[in-house]
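Below is a structure I'd like to ask you about.
Chain naming follows the written order as A, B, C, D, E and F, and within any one chain the residues start at number 1.
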Amino acid sequence: MSNLTHLDADGAAHMVDVGGKAVTTREAVATGRIRMSAEAATAIREGAVKKGDVLAVARVAGIMAAKKTSELIPLCHPLPLSRIAIELTVGNDSVTATATAKTDGKTGVEMEALTATSVTLLTIYDMAKAIDKAMVIEDVRLLSKTGGKSGDWHA
Amino acid sequence: MSNLTHLDADGAAHMVDVGGKAVTTREAVATGRIRMSAEAATAIREGAVKKGDVLAVARVAGIMAAKKTSELIPLCHPLPLSRIAIELTVGNDSVTATATAKTDGKTGVEMEALTATSVTLLTIYDMAKAIDKAMVIEDVRLLSKTGGKSGDWHA
Amino acid sequence: MSNLTHLDADGAAHMVDVGGKAVTTREAVATGRIRMSAEAATAIREGAVKKGDVLAVARVAGIMAAKKTSELIPLCHPLPLSRIAIELTVGNDSVTATATAKTDGKTGVEMEALTATSVTLLTIYDMAKAIDKAMVIEDVRLLSKTGGKSGDWHA
Amino acid sequence: MSNLTHLDADGAAHMVDVGGKAVTTREAVATGRIRMSAEAATAIREGAVKKGDVLAVARVAGIMAAKKTSELIPLCHPLPLSRIAIELTVGNDSVTATATAKTDGKTGVEMEALTATSVTLLTIYDMAKAIDKAMVIEDVRLLSKTGGKSGDWHA
Amino acid sequence: MSNLTHLDADGAAHMVDVGGKAVTTREAVATGRIRMSAEAATAIREGAVKKGDVLAVARVAGIMAAKKTSELIPLCHPLPLSRIAIELTVGNDSVTATATAKTDGKTGVEMEALTATSVTLLTIYDMAKAIDKAMVIEDVRLLSKTGGKSGDWHA
Amino acid sequence: MSNLTHLDADGAAHMVDVGGKAVTTREAVATGRIRMSAEAATAIREGAVKKGDVLAVARVAGIMAAKKTSELIPLCHPLPLSRIAIELTVGNDSVTATATAKTDGKTGVEMEALTATSVTLLTIYDMAKAIDKAMVIEDVRLLSKTGGKSGDWHA
């Protein structure tokens, strides 16, 4: 079971020891998309154009979710986030979210960026579901991570 | 802005009034998949085969996230979940999660099923990310909802 | 100690028994104001006018705080909120928040409306504090409550 | 939109980057008051005199709320509080709360002190509301902040 | 695996379906004890006698923990508690906590009463640990449960 | 009231100032046991043997509770846990849990280890309560703490 670092030699889950790791500046960027009908995308675009709160609600949801990551993902370490930002782009039949998370800590913030992305997209689903229940969240993935001993990574 | 029920006439976000709706039994099923390298899928399968906690951790994360849905999705109503179950299938290069949520309440549990699905998949990402950082969460969507005035819906 | 219902005969805090009370529709409205420099009020108004997220962030904070009321106020009963809405008005030297909370439950939602109001105003403080640290939150109070055996109340 | 640091150039809310700031000892003191009928103030004073839990419940609520600040205020950074204390004074027709928060961190603890003050006062409202529903929370404001690059500030 | 109701036929954890159960009034009483040195017990008794907050803090912790039970115990259903009370008795070398929880719901409140008891005792440990680190929490158990189809139970 | 460090000179609860303490590596180990009928212990052992999630659910509950310690214990400081692990042993009529918590922080992690132990055992109670309601949680205590100025301690 050596390949899954979150399981010990007996297969038991644990939160791995990061005590010996150095505190460094770490950043992660994740992205994802919710595909929807043109009608739903139009409603969101118009909601946004008319100063409605639609994108703001999704952004706030993502930011707050990033701060809850270690409560949601059982084996994640709590981390003091120093920055979180979420960019939203409304397309013709989709909304794309890109989340950037940053910390000065002992472990990376990939999960924070991915969690922010997922909850942002779920919040858009929630707000548009009266129009379209068949929306699909897709292509949620890490774009990059920097900082930390294991080195930088780019998709 | 009439199409987005979560925005009022001025575009301001609010939690819509469900006070007048009837309490009925409502169920929702959602699904999603995390695509990964064969190496990562093998590690998860072996972790599971050897009685490791890997699938259990993901399932518990999803169940607990379902109970946190109204904390995560800003305009979601709090709901007393009467059941939540998550089924996981490990494929050759992916893991599929299917979540079923149920309530006796005034509004549906789509967001609970979708949130459970997303957090289950994020937890698998977390456990396998030392092997594969390029995993992609995809095809997260509602399969069905039943109960409530708006009628049943199937994907 | 008979006057403080949250203390028993020995002065010990407890969450009072509402088990025997009827489930009825209950609503409460609360309001409050944050007084600030003209410069800060202008920044908020312009942030809002230019489609910035400033009022949306405050509104979402208040809505989410309403759902957390029983976690924050130790002797408050958990309640299934059926509606929560927050109205914001930007004046020349202040922002006024008015929160409406509604439930079908066994006890009133005054604390939910007051908590939503307070957290909305604190969030505005947070966003404008780089401009003005001397802002004052004031006049936070209940405007009305309806429903329940004790009858309606209006300020 | 340059004046509101929590909004970016496009007006989008984000949690600003404090990664480059130094870790220093920071302290903030906030205060506020709940004005009430003489009858309510007397009930609280007697509850306290007779060793009832009334002030303790309010103090604990404030302390616990300080630790939840970054969950409540969307764009607040999580901070490791090193101290939190709340002083309560019962007057003839009011209760005054003063909260002191301290951290060794990259950003100030004004919001923690203000949130602790607000929730302390809301908790007093909750305990006395059976006697007086017209209580008013007022004069909630920062008294001082020390530490950090922007220098000390006193009301 | 038929004996453990929280595991399905394949051994997978799930939150069992209580949707078909009737809403009835349910109550549970649990108790437990923390054994400590005479010195620690004296400090607590004197803290309490001199109107210190020591027992109040423990009681509030227990009450708030009861409301968090379904967040802590993964397969517990969320329940609207209608009452929670905690009684504390300081002995010569121990403190005993007894918690009563009540709901009108579809499932029992044993876990709420046991969780309240445990967190109350942990809080006492926290406050007295500078005096005595060897304190032992013991005899935490259910005293009774009433209501619900499975009938009453008494220890 | 000098003996209870969490109460000030007037007996008021506060979160003591740890700002002046050094950041050092600190570890704590706690243990506890749930005594049960042979039938319940057998069900748990078989659930575990057959790859059921029973021990994993308890372990995850304990790990997640450790991260919530400062939310549950009112005067506990928030701490960035760098490791948490829980070991479970199923005996003939009991299950024993041992939790290890670690941080690089300004204060110890005894409460994190004890909270993880307690919630792990409560979760086992929850899963086995359909078989045996008379289970007793006992002997929950600190085994050791290391690091920090006050020196090491072993039971």
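Note that in this section a residue touches a chain if its C-beta (ideal position, glycine included) is under 8 Å from a C-beta of that chain, and two chains touch if they have at least 3 such contacts.
Chain labels with UniProt names: A, B, C, D, E, F = Cyclic pyranopterin monophosphate synthase.
Every value quoted in this text rests on a predicted model; they were computed, and no experiment measured them.
Asks: Show which chains lie in contact with chain D and also with chain E.
Replies: Both-contact set = C, F.
Asks: So, comparing C-alpha centroids, which chain is the farthest one from chain E?
Replies: A
Asks: Sort the other chains by how far their Cα centres are from that of chain D and give me the top one.
Replies: It is B whose centre lies farthest from that of chain D.
Asks: Count the C-beta contact pairs for B-F and for A-F, then tell me which is higher.
Replies: Contact tally favours A-F.
Asks: Taking the mean of the CA coordinates per chain, how far is chain E from chain F in Å?
Replies: 15
Asks: In whole angstrom, how far does the Cα centroid of chain C sit from the Cα centroid of chain E?
Replies: Roughly 30 Å separates the two chain centres.
Asks: If you look at chain A, which of its residues touch at least two other chains?
Replies: 12-13, 51, 53, 55-57, 59-61, 64, 68, 71, 74-75, 80, in rising order.
Asks: Which pairs of chains touch each other in this structure?
Replies: A-B, A-C, A-D, A-F, B-C, B-E, B-F, C-D, C-E, D-E, D-F, E-F
Asks: Please name which positions on chain D make contact with chain A in the complex.
Replies: 8, 12-19, 70-71, 74-75, 77-80, 105-106
Asks: Please output the residues of chain F touching chain A within their complex, sorted ascending.
Replies: 25, 55-56, 59-60, 63-64, 67-68, 80-88, 102-104
Asks: What does chain D use to touch chain C in their complex?
Replies: On the chain D side, the touching residues are 1, 3-7, 11-13, 32, 39, 43-44, 46-47, 50-54, 56-57, 60-61, 64-65, 68, 71-76, 110-111, 114-115, 118-119, 122-123, 125-131, 133-142, 145, 153, 155.
Asks: Spell out the part of chain F that touches chain B in their complex, as residue ranges.
Replies: 48, 51, 53, 55-57, 59-61, 64
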